[in-house]
Amino acid sequence: MTANKIKTLKEAVNLIEDKMTIAIGGNVLHRAPMAFVREIVRSKKRDLRIVKTAGAHDVDLLCGSDCVSIVDAGFISYETEFGLANHYRKAVETGKIKANEHACYTVMCALRAAKAGLNFMPVKGLVHSDLIAENDYFRKITDPFSGESVTVVKSINPDVAVIHVHECDKEGNAVIYGPKFDDELISLSAKRVILTTEKLVNKSKFSKQMQNIAIPGFLVDSIVVIPKGASPCSCPGLYDIDEKILKDFTSNCSKEHIEKYLAYYEAKDSVKGAFYSV
Amino acid sequence: MTANKIKTLKEAVNLIEDKMTIAIGGNVLHRAPMAFVREIVRSKKRDLRIVKTAGAHDVDLLCGSDCVSIVDAGFISYETEFGLANHYRKAVETGKIKANEHACYTVMCALRAAKAGLNFMPVKGLVHSDLIAENDYFRKITDPFSGESVTVVKSINPDVAVIHVHECDKEGNAVIYGPKFDDELISLSAKRVILTTEKLVNKSKFSKQMQNIAIPGFLVDSIVVIPKGASPCSCPGLYDIDEKILKDFTSNCSKEHIEKYLAYYEAKDSVKGAFYSV
Amino acid sequence: MYSTSYTANKPHHPADIMICAIARMLKNDETIFHGVSSSLPMVAMKLAKALYAPDAVLLNIPGGVNSSSFKTSEYSSAGEELWDNSEAIFPLEKIFDLSMRGGLDVAFLSGVQFDASGNVNASVIGSYSKPKVRLPGGAGSAVLIPTAKKAIIWRTKHDKRTFVENVDFVTTRGNIHKIVTPLCIFGYENSRLYLDSISPNTTIEEVKANTGFTIFEETVPTIMEPTREELSLIKRIDPKGVRYKEFSK
Amino acid sequence: MYSTSYTANKPHHPADIMICAIARMLKNDETIFHGVSSSLPMVAMKLAKALYAPDAVLLNIPGGVNSSSFKTSEYSSAGEELWDNSEAIFPLEKIFDLSMRGGLDVAFLSGVQFDASGNVNASVIGSYSKPKVRLPGGAGSAVLIPTAKKAIIWRTKHDKRTFVENVDFVTTRGNIHKIVTPLCIFGYENSRLYLDSISPNTTIEEVKANTGFTIFEETVPTIMEPTREELSLIKRIDPKGVRYKEFSK
């Protein structure tokens, strides 16, 4: 038998080491692995480099909790309703965090490079932008065939991808209902994949439905069963965002306010999922 | 309404012009769009550049019928059972056709470049190979970040991708059962997509099953309804290869033998599919 | 400043005027994408599909093609409702690729500062390395504005801090089809923004007074008021008035 | 030449000896890929999974992960039966990427000519531009042999035209784990092939006589005969003897 991949939240978060590059699944307020993110905060991980095309509450919380030194992203903000990601903003403005601004697609291209074992990836569209000169992860090179100039982006190689899924079996074969965002891409570019899952299901559930599996188990390192693990973000088909919590969280930028928020989730994040006997 | 995409085989083949680059769907003996290929032969198209990671009967027939000037592929052969692709071999050996040998993956990388609007794509694995020096579509360049050398492949931009599918609706939203091979990739890298389909179905059939659609209709230019359109190759779930025909085809390399083969399929290829009223 | 409230002279909310103006720009058979935090384009695209461009292909971040869902998220333009009841799935990665290879007709993007040369800033106020204000980032702007056939920018603020002489930072530049604001529509020609038309709620003087770069045009057309048909559809598409939220911030 | 027929002294078909030798090389938890025209590795992988490496991850061109289908195609190692009844789908494009990023443990590849320096030719006999014989092509060899952790090559012909002093064309070079033939297994060390072990059906003299480059080894182990358990499983995996077909060509 393969080693048991099923872990508690604490055990799984222990795989995260300071300074690691962490790719987070989901998109803005949807299907972020929030229980895992909160446990990173509780475990006081430091100097993480966070990678996400478009982040919101996840990145904001990590930035407000001093876990992060670099953020690689195309967009970090709650959407219109909840305004800007103020923890992130303040941390960047005070110089505590380096914002590696990307164009969403250049994050994808940097991950595609990692996925294919490459150090860089050409990007067609990035032509006129101060981002190229300001950032050492963009370069212009000469296309050897046409002699034209093309921008390339340096690969981003996540140490760990953390992805919240609807269900998986004990080997990590995982199904995501609704939008998959960049989760497949990050699962293919990271050295290790950690899943948090709403539900553990028997492998036979996927019989003859293997084409619906978004992440094959052999890529998965660890599995944490944590129902409502994306809350207060949404988990399509299961629950929508928790508007009250998000409004409250974004209303106040103090450390005490984050403590209060974490305390609110303390019990919920340690609820054991419906394990089936392994 | 969008223009009617549903065409006869003849009408659809008329979109193919001499010297075009044609990407062919399927893999070796599986789900090749053979009815369409035969109609290319009957229409005496010339100087085509054929692109496929691993081709067999499709490429062999086109090469034996003087339709082709260049083949870009990683592997051209019937599998063990039916031996080598002798029309292709002879044409290359006599200099009639230029074989652009690739490593399957470098065809994919060249198509990925086209898909992303790029002129070239780096390829990690191609390091020690005479293929690099012998072919002008491979170059070594310097990775601007590490200073290391990396091989790049020139993009391949198919004018047309021809893909045989199990079913599609009149807009071209197409479902493929079983292995999809590189069909999604070629549909995303070609300027135009032509589908041949076993069956035309009502759009409502795909309701709530949109995640099973391999090729979205808006990418599709033309649709030909042609049951058994992959024969004598297989169409997974519907029919296996026609061993007798393939054995006969490969047993004799004369032009007359190809004529006989085409004649055998003449009536079958002009059978009208089960159109539903549009 | 311009008013966003309803008066006898200004019977239409700028959101509705902008939505109709945008919807009328969209053509049948076009492939059209909106991104995150984009409730105005989202409503405009659905309006266009219903009225002007029935065969348009609507794309979004979750990847639903032509989602026919009637639910509209109150807080997100990247939610599952844009995936549900769609015709096919075409996720963001593929949409970007499509634009890169020249196959995306229209992309909706925004920004925080714009100057007359067509520079767009969605990155920072102040310097990039030590910003006075770190903005959310340009999302897809830096790669989509240069590659989409028509890059349409909308911005719900029109003031001298938004339309400036020189942007603090060039997130991207050029290839702008139109910029739509509560006061006007800018076009872009010969590497310069020009005043294309103004809102029925404003005057050319007010536009000039709220724009930080020189506007040379003296007379331009007034954007047509929303029609009754358009308004009734907008209300069906967005019954809860999500489109107004961007104006209250 | 060596015999492929059964005799009292040579009770096992070289296909079965090769399959068992290959299967015994595969370790538990390894991620293992076979490509097109690969019936021998296909049977060996299934045998290994059943006996030696229950947690191995078996990958193939159609993309089925650990397909449990009992059907074996008689003519193809890229057929739908490798997709049916699989645990997940991981298509060829992703398998290549996996190897490029260092995540593929074992890849099975072939070729037509091999020399002592570890050069592999699957491209042409004669010159590349005007070949005497145009071969099918190396399929994935040129990118998988350099990147897979273990590149295992099998070849059902062992003669002086196959194992040559210098290959006509270098499709790829180096990083060979083993080459398995009806006569022997070659290893690869310090940029040179060496004789690792020989088939119980042959002698070291016969191997040397059929190899075009110099073999320096004088004594090497003999490959263990297939066990009764292995043979009975092979027969279950491949009841129609597809594995023998490559030998009749």
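Letters A, B, C and D mark the chains in the order given here, with residues in each chain numbered from 1 onward.
Just so it is clear, a contact is a pair of C-beta atoms (placed from the backbone, for glycine too) under 8 Å apart; a residue touches a chain by one contact, two chains touch by 3 or more.
The UniProt protein names, listed by chain, are A, B = Glutaconate CoA-transferase subunit A; C, D = Putative glutaconate CoA-transferase, subunit B.
These numbers come from a predicted model, not from an experiment.
Following the contact convention of this document, A is the list of chains adjacent to both chain B and chain D. Here A-C and A-D are compared, and the pair linked by more C-beta contacts is A-C. If you average the CA atoms of chain A and of chain C, the two centres end up 28 Å from each other. With each centre defined as the average position of its C-alpha atoms, the distance from chain C to chain D rounds to 58 Å.
Centres computed as Cα averages put chain A at a distance of 40 Å from chain D. Centre to centre, using the average C-alpha position, chain A and chain B are separated by 37 Å. Annotation for chain B: residues touching 2 or more other chains are 116-118, 124-125, 211. Within chain D, the positions touching two or more other chains are listed as 64, 99-101, 147. Checking each pair of chains for touch leaves A-B, A-C, A-D, B-C, B-D. Chain contact summary for the complex, chain B toward chain A: residues 109, 113, 116-122, 124-125, 139, 141, 143-146, 148, 150, 152, 154, 211-212. If you check the complex, the residues on chain B that touch chain C are 1-2, 114-118, 171, 173, 188-189, 203, 206-208, 210-211, 213, 216-218. Only residues 36-37, 39, 61-64, 74-80, 82-84, 91-93, 96, 99-101, 123, 128-134, 136-144, 146-147, 169-174, 245-246, 249 of chain C touch chain A when the two sit together in their complex.
Residues of chain C that touch chain B in their complex: 29, 31, 54-55, 57, 64-65, 85-90, 94, 97-102, 147.
Of all the residues in chain B, the ones that touch chain D in their complex are 27-30, 53-54, 73-77, 79-85, 88-89, 92-93, 95, 99, 101-106, 108, 123-131, 134, 178-182, 185, 234, 236-237, 241, 243.
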